[in-house]
Amino acid sequence: MMRQARTELTFETQGRGLQEITRTVADWCRATGITDGMLTVFIRHTSASLTIQENADRDVLHDLNRFLDRLVPDDTSLYRHVSEGADDMPAHIRSALTATSLNIPVADGKPLFGTWQGLYVWEHRTHPHRRRVVLHLIGE
Amino acid sequence: MMRQARTELTFETQGRGLQEITRTVADWCRATGITDGMLTVFIRHTSASLTIQENADRDVLHDLNRFLDRLVPDDTSLYRHVSEGADDMPAHIRSALTATSLNIPVADGKPLFGTWQGLYVWEHRTHPHRRRVVLHLIGE
Amino acid sequence: MMRQARTELTFETQGRGLQEITRTVADWCRATGITDGMLTVFIRHTSASLTIQENADRDVLHDLNRFLDRLVPDDTSLYRHVSEGADDMPAHIRSALTATSLNIPVADGKPLFGTWQGLYVWEHRTHPHRRRVVLHLIGE
């Protein structure tokens, strides 16, 4: 019978960079008892985002973050919104260019990530923050 | 019992920039009577898109738009597709870099936006357009 | 009655560029017999992605790809992760800036694409690859 489950998780980030949450999310899916369905991941912030990226070589995560550092500089002369710090407007832009919500199909109780895919919270502020992520699973 | 609702809304944009639709979408959700579920927002265009961004300081919206103006210049020498105007190919690129669909979990009849999150239609053409957005809610 | 369907499709890409899959996906939707619901498309890779873009003028696809070529150069001096080739790290970045999952509402057995919208697999590696895409449809 079709049903749904939902939770909100909190992650403490370490400042700008990617933090993997694949295992935590997969564990929650299994615990719901819903074995086939659709998982949605939603981050309740506009200066942190989500991404699915390679989970093998940590240099990939470094390079992803460095690319956005170059693309969206912490240069207050470029922005009007500077009252919350030089990193805040760049963080909003970085969020707009990446994902606020992601969907992953679930089969046999597991999200169908590819072999090299991991799920990450991407902190775009320079300082650590507490980030809230909602998980929702609908299925059977 | 699990059920779903769907509608199509039309928004008149004012040319390039962000237009908030949070309230309209939340009102529709409440009217469906589905109090817990998953909301999908889908824009039926390739030169306008969706984003969830800060709803407090309007300078954020200005800076977001200005960033894309710099990143994707209206410079016909850069593109082959120029027959629909200098702003059309940049509008497609801007759409590809932002969101065509977004998902927001719904609880107690309300989309679970974070405190500072608003939902926006992002017009990427310079002139006003009529934009069609489909809302879909599945739940109980 | 609410139910769901899921499949995994394989696409052989021709190297960097966009390959349309609209028809294949629409055919699968119709074959499921679910006429009203929500379609999710998910690509199980981190160096190829998804996008919904204009399906009329092929120059749009060319320009989209060329824009990312300029934005994310195949220049190994910019990246640490270079062991898998000069095009691999750029492919990860290009994936992070575009979509890994997309949602399209379905009505009367058809995804509600706008008049000019097509669905594409976007290969970001220079050589052809076999890419796996999961389709999931929930509805009635």
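First chain written, first letter: the chains are A, B and C, and each begins at residue 1.
As a working rule, a residue touches a chain if its C-beta (ideal position, glycine included) is under 8 Å from a C-beta of that chain, and two chains touch if they have at least 3 such contacts.
Given the structure is predicted, the values throughout are model-derived calculations rather than measurements.
Between 0 and 180 degrees and rounded to the nearest 5, what angle rotates chain B's CA atoms onto those of chain C?
Here the rotation carrying chain B onto chain C measures out at 120 degrees.
Same or different interface residues for chain A and chain B, judged by whether over half of the residue numbers are used by both?
Homomeric contact, different residues on each side for the most part.
With chain centres defined as C-alpha means, what is the inter-centre distance between chain A and chain B in Å?
20
Enumerate the residues of chain A that touch no fewer than two other chains.
Residues 2, 38, 71, 97, 99, 103, 138.
Would you tell me which residues of chain A are touching chain C in their complex?
2, 36-38, 51-54, 57, 59-60, 62-64, 66-67, 71, 97-99, 102-105, 107, 112-117, 138-140
Looking at the complex, which residues from chain A come into contact with chain B?
2-4, 6, 38, 40, 42, 44-47, 71-72, 78-81, 83, 89, 92-93, 95-97, 99-101, 103, 132, 134, 136, 138
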